């Protein structure tokens, strides 16, 4: 028996459709998954014997919408949340009863990265990303910063491929950024995992130096605790990751950004190699914003208040008139020290030098 | 008898110097006028018989600092405010007992404008402005918008020449802009005159269309009432005016900005010709901001919140990432309609077409 | 022939109703005037021969909705704006072809005020206001500050009586207050006249003292120019005015607030007597906010940001925790000097003392 | 040999004193510890042989100020930070070479709590707090929320007793609150420990429900993860804790707040009993703010923007005009559900009911 998906929508007492049901439908359409719904059944609050109301009673569901997925493999599964339905009920992996990754869990090799790089040379961002996602599925994660790299999620959703998303929640993001993450989650119906710092490290740093030590002795130590360590923990679950880095962001440190590369700073699943994909490497800032406007992509409200590049709240400000977009990040440090250990391409030593400095500071 | 200027400063009961006196001294130094103070006398609150305290009693002054200017022409003049002292006590005109303008009130001719233009070809902004101020003195007014054109005031003050400043206060500026105007006034010790709209026109427009008609039918009608008419009224007092227009602000409408030109849109004193000087015509936005940073020029706090070009509050927003600096002005109208009738260079008809449209609307 | 009113609504090419037409209908319903529309005609963009499209061609109307009012007295009148329709087409006065005031222009006497006061003793705010409006019609003006006195407009609209509204636009209100005035105007479909300061006075004050003189020598001089003079000008057009003053606002200066009183500070039309009505005199702040919440009255967004009493932007801040609601006004002055000359009840000398001081200052 | 403390201050090349040294001195004075400095030595940048410069070379110190503490017990100790000096060099415990607690680590009993409660009946907040701190020293922690309970830190510092401070950093505080914590840390020279949520719990909650689940199904689950669990972890290190709870904050849930009580919701060190001290129990909001203003206590800048009670950013707003101070917390939930599991006095079941609900939700 083939898989069959039923959506139960509510009709209110006054005859109006249920707003939350309409939003769920909208998310499914936006994800290109509406045609996967085989049947829509109405739970009419005015008619206790309507089919939807009877199903709710049988399945003990108390809210609408809900979704019932049946196939030959066992009892039907019920989903209350459209996000969970998408992830656990409708993903290709779920459909075939196997893990999401196209790799079946086998290790990925640097040679394969080189082959992929050759194969994708000259392709556009959408093609590059689609191919990477087709290759890795949910074993590939978009590292979403909560800023204009939302374009990556837009492209990924439109590729129709499975994928993962995580965000480094340092505990110091702007309130507006948290709201934006939620907006993206609901708009695209994607699960956005969060990578949160280890309390042992945060509590130790704050006890010793307070919560603004970066203004005194640089952002390295704090980034290490709040970004680098959680990032390492996340990447250890994946074979590939995707970032929004662009060559035009920083002539000094990002000019060598490639669209496909072996990550030399971090390791992936089981300590194995990690592919890094930067689909927007050759895009300009203007390209990114054209895409956002033309495709009506939701964006962080801080961009309406003059912010361009967005990181942690105490470490970000709008660039002053005439300044480069990255000038608003760690603006109190010198221009050349502007990277935070996450994306340093050719010089892995720089990261570990940073770590050593921090360790030295710590053991003093 | 030569002119002699005495400044009376207060010493507080606790021996500390008076803060307001120190600020007044700082303004005089900034204006290059400190050497014009011939004598400083202390009014010691702890000693009623100190010289300054005695002078205060005699002159019935209740606050410090105050300034006494004596010359052979009559009784000494007393100034409570350092701004008034600068304008009415220390200006070259005051010193010589004649009007400030180097023109002695004679009319200015378009031919003289052409000669000046030739003479100043290739000079830098500071030289151009200094020469114009030397020619016109207080009969030349800087039209200060409360934004980055503060550079004009900085250059004018440093030229050592007399000049006037006015600002178009539409009644709808940002609170931050009003605060900035005050900051500039106190920092440089300059009188900033204000050009305020006629209540008859404002009340009529608001009665008919409310206070946001520009969002519905364009900003022309409102700009006419709140900017163009008050500007005309101001310009009728001057022979020359100075603006911060730059060619890089708008390829379409401002590319023809010249440093020295005859104003073809407005007339000057007694309906006579008006010289228009745009010293920054060839500067880029980055040049302006380099000057502000290098010379520690005070700036509108809105620039720290992503604003670049600044006009009226309802009609200004920060440009979005990647947009041109003027994109944040009247952003709801098309890009080509972005001028407001004040600076339209070659096409005077455009202003009057606007007026005609407005009149038509009004008489309907 | 009886009066007949036709509304022409647009139907868009895609069959959808025109949004602006729907809003106009909503305003008419909110004003209780929807039943005055005798006929609704559709202008169907998809059908040039639909009745509404034909009417638009004949009447040369270019936008929808529009309204046609016919009666026996002459050619039909066409209104583009629902606000103008309400004021000039549907008001009782318009209906009867006579001036709006129930007084037919005859002077009002202090004795009549006393009679009205006796008659209304013990009545609630809605009854008091309704009776005053019934007596004076458009010759009575609500002085709307843009804050919680929006309750007055809500009560006035619900009374079904004609009335006028004006707001003192000092040129220094919060941007949020201007937006709120517009919101009220559109929500209730009322014309809100504005009383704007005289440029002669504003320009003089700013030239002499800058735009923040109140922080140095008190708010009296600025209030005189920006509030008192424009208020006098407005009141000279009316026989009665309505304010939102409450006894609980200021124990010291407002405890004697009466619901009906003869205004001893200002004069009305042709220098005649002026009735002052304070319908909320005995309401508490909590009463006002209960009304706003229960009747879903629009309110100034500043109230969501901690503001309680709202005046000019530089002179208003949210009260600190535990402070009285008026503590956020002219907070830098002593508590007892907190009134600005507009509502001083028993001591007219205070106003004129203020004026004298100002004059003295000016002539020094 | 008695303990001796030397402070090394820098004099700049231009003869000016070092600003950071002056601030350190100010903190010591504010803490009443300035008389503990036995000797001040100048490191004169202009004179490499000045005593301070020689000491810096010997001790390999690169920044000023620094502090040298000598006694008979071993080599001198050097402190770079005034905060560390206060905590580890000057505390009574450090002075006597024994643990800070007056209890010598022995367990505290509920009977002792009752005795203390009797002994302190009728005393004022400062006395109550001083006695509790005298009893427990650093084994007593002030739970500082970053709001008006800063009064507790002010009282504690003025008591001259040792104490601990921690703050629950949920990762969702306002940026202004983080800045305020830092301000308090530097102003009073106190270490403010942070209690940060466990990433395992945060990541799990956000994966399942996003970062705003509280708006949908109540704040209990999020508070449990971000506040209650970290609080438990902190309290397990102490014998007593101090909160800013006041009876006037919530008639329903906080009226029974006592100044001294046995904590029935949480346990202390080694699972032992925990004394809870609420010195402000009988203070009103106005009392708190009088103290802040009269003693010039630093406060959270959000209080200037209308905030009264302050918690997490998404769960706090200024109260609307006329509302109770707690109305701005979890405002979307009913008034009776306004406590978050931290301070529930008589009904421990409520906390665990909450936990059970959450567990149920989690295992579904």
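When the chains are written out, they are named A, B, C and D in that same order, and each has its own residue count from 1.
The working rule: a residue touches a chain if its C-beta (ideal position, glycine included) is under 8 Å from a C-beta of that chain, and two chains touch if they have at least 3 such contacts.
Model, not experiment: these values are computed from the prediction.
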item	value
Minimal step count in the chain contact network, chain B to chain D	2
Winner on C-beta contact pairs when A-D is weighed against A-B	A-D
Centroid distance [mean C-alpha coordinates] between chain B and chain A, Å	50
Between chain D and chain A, distance of the C-alpha-averaged centres to the nearest whole Å	36
Chain A residues counted as touching two or more neighbouring chains	none
Every chain pair in contact, whichever chains are involved	A-B, A-D, B-C, C-D
Complex interface listing, chain B residues touching chain C	169, 171-172, 174-175, 178-179, 181-182, 185-186, 191-199, 202-203, 206-207, 210-212, 230, 313-314
Chain B contact footprint on chain A (complex, rising order)	148, 284-286, 288-289, 303-308, 317-323, 325
